[in-house]
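Pasting in a structure now, in structure tokens, and then I'll have a few things to ask.
Which chain is which? They are A, B, C and D, in the order written, and residues in each are numbered from 1.
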């Protein structure tokens, strides 16, 4: 970030100390390492390779969902539509690839269609946001319900089980010790990062979170990009839904249950701000690992499952407090 | 911009209104729209209003249940109103009280309470409103059906027996000795408690079978997958068998085994005999399950209510109002007989509605 | 429009025609006639100064020139062709660009992105960023103005001066939209720069003249005369004349701006003779220190107006906020009537009878959607309460009394304050501290910023009245002239320290230059 | 001291005041939406418009109304409270557990404890400068965890029903006590705001926290107070739920969170703070209740029910949101 060209007096005249920022960026990875080491010491089962694989497998779906939600958060919006969209995509893909309900066998094409359906649903919340001027909190809430409805319609009382080899193998077959789903998730994170770093869409998502008015002042029409971001997020949720289906080799309406707040938690823990403009896909990915390692570690050292949610809640608060305290100002507005 | 959005709103709401109508008109014929205040037990067959309520239609067993309800309603020339509450106790109560605020004189309800603790308020409201109520699966042990005139019957399967049966089947499958793990259901449900009690009983008889670990997966396939994965890494090859309190969780466990490459090496048992489980048993992926007949449950509850409402059956004549329904242990040898559960119309005949009773709930 | 990056800008064939001409521009705002028939001519390759008091209509004129404001009447001609400017982009297409006073950069993007924002051109292919191209494009712009900042540095890590360079570079991009030399508007570019930075800026401006026309707006008349070829003066929304800068004096410009001689009478110095023996100080600040200032000590006496002057970064604003408990202090103390003030929060400051009027009226001063009445009684709730309860009748009469006394123009007391004109909004914010008749010390941070002349003279008069009634005032003035005109005494701050304390009695006022010496 | 008088008039002239027609319309939009929805349901099922079923609707809505009303205060000062539902569940468990020992005192104690927990969140929010969204998101999971642990993940039966009997009675034969209590609570809070400077403090904090602070408004206190009331309301709501289910359960109210937030926004309260009122949330809660129980009862199939629910809340917000009061829509 610091540039050789900057002359000294400029550095002296910096408006804001960098400490808070760098701490926000470095904190989560450090925390991740620490937590991992602590659990490794506490529990022999935890440090086994098998468990590391297990952690990565468990993290994969959440990672993909968080990828999507991160872009929305970057804009300073919020997205609660993951459960509905994932449910719809999960059922859709189950019905489109080889399954026990109908004799479709679209294979990859089926996956594509499911993801497109999800993207369309995401697009819906984006449109409602920019056309009806309804806060994203509500539009995504509504779209989530719509998605669940669509899923229930398609479910139609009979569990669709997939017999598609490709999809089934994703969760089972392993490459270098990790299941294909894990690699898929890794790929998503990479793609997400590339979009965020190298695409106009991604950069504008940052800009919208940073100073929306400046964009329009520079003659950029913001609305289309907002819609595009929600569509992109929807696509990610859709893929996540497909992944759940391949894990269970069956389409569930509840495929996305609880992933909305889980993803927000992960993103925030990773250092992506709800106010937008800060953080990113990589931050969120770290957050996902942090949360997953915690949950898994707690089980391994035998903490009652009931406590696990609570511990996570605590972690979020602590993580954010740690990030904001170094740079708190008098008369600062915190919503 | 505002103008545009306003008009957009108008448009959307219009299309919604249309939507609402199509959505509702399907059902509006279900309502017997007259307020004839018929005394209990003397309803004209046409006045009877049949309601079946389950958690959600997005679960095969409960969807089949509602189908069964429709089948019975059709057989008596009526139609069933379907209610679902997404496994949300609050919403269930809200629906019931709203339902009972309507015309209740000839209302017959076949209800699946979300949990034991949800049964008392349902029963009391039905009693107050004078609707005919049949509940299934969940009720607090100390709540007696006979204390209420409108609560015609409570039907359930003997969870202890089924839990024990599959426990024994599992023990045999792993050769009478070895470690197993148990996946519990929603802890608040009688079903979950009884079935686990059954497992304990079975364990008592097989001292060499060791219960390594037990966690709840809330009857959910997805949760079972995660829990099993973790337990597999925790206990590794010590796990010889997996006992699941229902088939959905058993199937989730199967996926976990598949992912761990242990498919077929670990025996899995469940309860409910959902179609997927039966196929799994046919392929030998699963060891055993216990039949519970969704379609029949959906129909029989309405049938009992219908018979009492129309006066063909008197509450006082019912010997056991809280009773166990008949169930079978299903394994590879006999699975073929259960692949397509059929309900015989005659079982809904008013003199025959208790044909599957295995006696009172002890 | 050519997106040809490499080609050096060529002087346009129509160099003879004015690069930009404004004829009889008129713009009304609710309650104010911001522009009242303004004429302006900008020749190619010249730097035109635009001078005028606050509220003279400068900012409105500039906004009209970049399409942010639609004039009610009048014409804008670009290189001999009449144009209607509907948006910033539209203006840019005609080769007019502006460096905004409040900076218009996206803080969390790189300098390069900000420079090309909205017109990435070759920097983005099919929605995919090409950082190297991006960097090159930006570098080209930065080179034009000879800035050395790293195009890929995130903007909010740059110093203010560098951010301004980025803005200028961004504006220069409009060259690629038109084949003609562009018109660059610099709105108060120096107001927040330190002298060293100002020098670099001026070299930039002179450099710009090579391939563009520049409209340069500044309070500091000496600067205007220094850097511009001609100066056009606005007053009360009208052009009152032009001055060729060669050999012109700040004084005559100033005379044109305020339409009379000398600074004093303009500020209504009622020339009240204060008693010979000075009263005890009401406020004594002793060695106060904070993030941006240290070792600040001064006294303010009842009925005295103390001006604090200094360039941006002198820390005077923070001293003011610190006294009100809105900015943390690390050392020192402040005594009110010899009693130590609790500087930890704004509550106790209010309780002690201190009032604060922030510079950012719209963000920090008023609660836009709330009614005039509620805004006015926000700070002094007791004034509208009977016991613990609010008495609407009491509030109504109180508010009406003050609306009348300060002649605040508002339809009803229940009107949302954001619907009033700036001057009336400011009066409400001021009244907030007066309603309880218990204010003893007023901290005024640029109280006349963005007000038109009429509103400002009313604010001045009000300040005088309060002073005569024994209220002590600390004033951070909008301009040196204002500070000198209003203050009885002036404290000069530079780089967080007090550098001088100058007596400023009516009749014997120091000149701006005396103060500037101390400021830098 | 005497106050200065300005005699000379300023150059500013007055601006025309008064709300526009569309503003007046948006003011009543929530009510209009409610009536429209009721009409639609009645058309679909004539029996729906009977005194008994309407009574049932308001009885059902009571807990949601209380939850939404409390959270509205937090929203009004610019924050959001995601912990209300989890806190209500926890309170229901506490109530069931403490009833045997505390008897009649249980109700006030539980409400007080809930309020205290809310206050703690508020303090954490203002002292640690943690965004309310995060603070209460954390609170949500922590409260559920505690509830699960102390109740051992199962419901706790309430044997002594007299303690909550009063909530199941009827006022004047028709108005359910629970709803009457809900309305009473709203009225009290509303009066407390209207009659004291609190309203000003709350509104200014919500619209422009910076201005409020620099005008010496007790911003932090107001926020903590809002969270306290929000918590206490969650406590009261939980007791209403217990009175309905004769038991407390660690997940009892969890599914009421999003409906409660929806109720607030559908009522027309700006989620960005400042603009809105508790009465709006009351109407909003009734709308949401109609959607939750009305749609299935008139026989909308569950799949369509969800789709309608989603679409309708979005449209409702689009209609009720007064955009002149909300600057940026994120």
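Here, a residue touches a chain if its C-beta (ideal position, glycine included) is under 8 Å from a C-beta of that chain, and two chains touch if they have at least 3 such contacts.
Quantities reported herein were computed from a predicted structural model and do not represent experimental measurements.
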Chain separated most widely from subunit D, comparing mean CA positions: C
Pair joined by more contacting C-beta pairs (A-C or B-D): B-D
Between subunit C and subunit D, centroid-to-centroid distance (C-alpha), Å: 43
Averaged-CA centre spacing for the pair subunit B and subunit A, given as whole angstrom: 35
Subunit B: positions in contact with at least two other chains: 2, 5, 9, 12, 56-57, 216
Subunit D: positions in contact with at least two other chains: 153, 210, 213-214, 302-305, 307-308, 311, 315, 318, 323
In subunit A, residues with contacts to at least two other chains: 132-133, 152, 331
Inter-chain touch pairs (all): A-B, A-C, A-D, B-D, C-D
Contact set on subunit A toward subunit B in their complex: 45, 48, 50-51, 54, 57-58, 131-133, 151-152, 155-159, 161, 171-172, 179, 244, 247-250, 252-255, 257, 296, 299-300, 305
Parts of subunit D lying in touch with subunit B, wherever the complex brings them together: 40, 43-48, 50, 52-53, 55-57, 59-60, 63, 152-155, 157, 241, 244-247, 249, 251-253, 255-256, 289, 292-294, 296-305, 307-308, 311-312, 315, 318-319, 323
Residues of subunit C defined as touching subunit A within the complex: 87-89, 92, 104-109, 113, 117-120, 124, 127-129, 131, 148-150, 152-154, 156-162, 196, 313, 321, 326-328, 346
Residues of subunit B touching subunit D in the complex: 2, 5, 9, 12-13, 16-17, 19-21, 23-28, 30-31, 33, 56-57, 81-84, 86, 88-91, 93-95, 97-103, 115-118, 120-121, 140, 187-188, 216
Residues of subunit A defined as touching subunit C within the complex: 1-7, 9-11, 13-16, 18, 197-201, 203, 206-207, 209-211, 214-215, 217-220, 277-278, 330-331
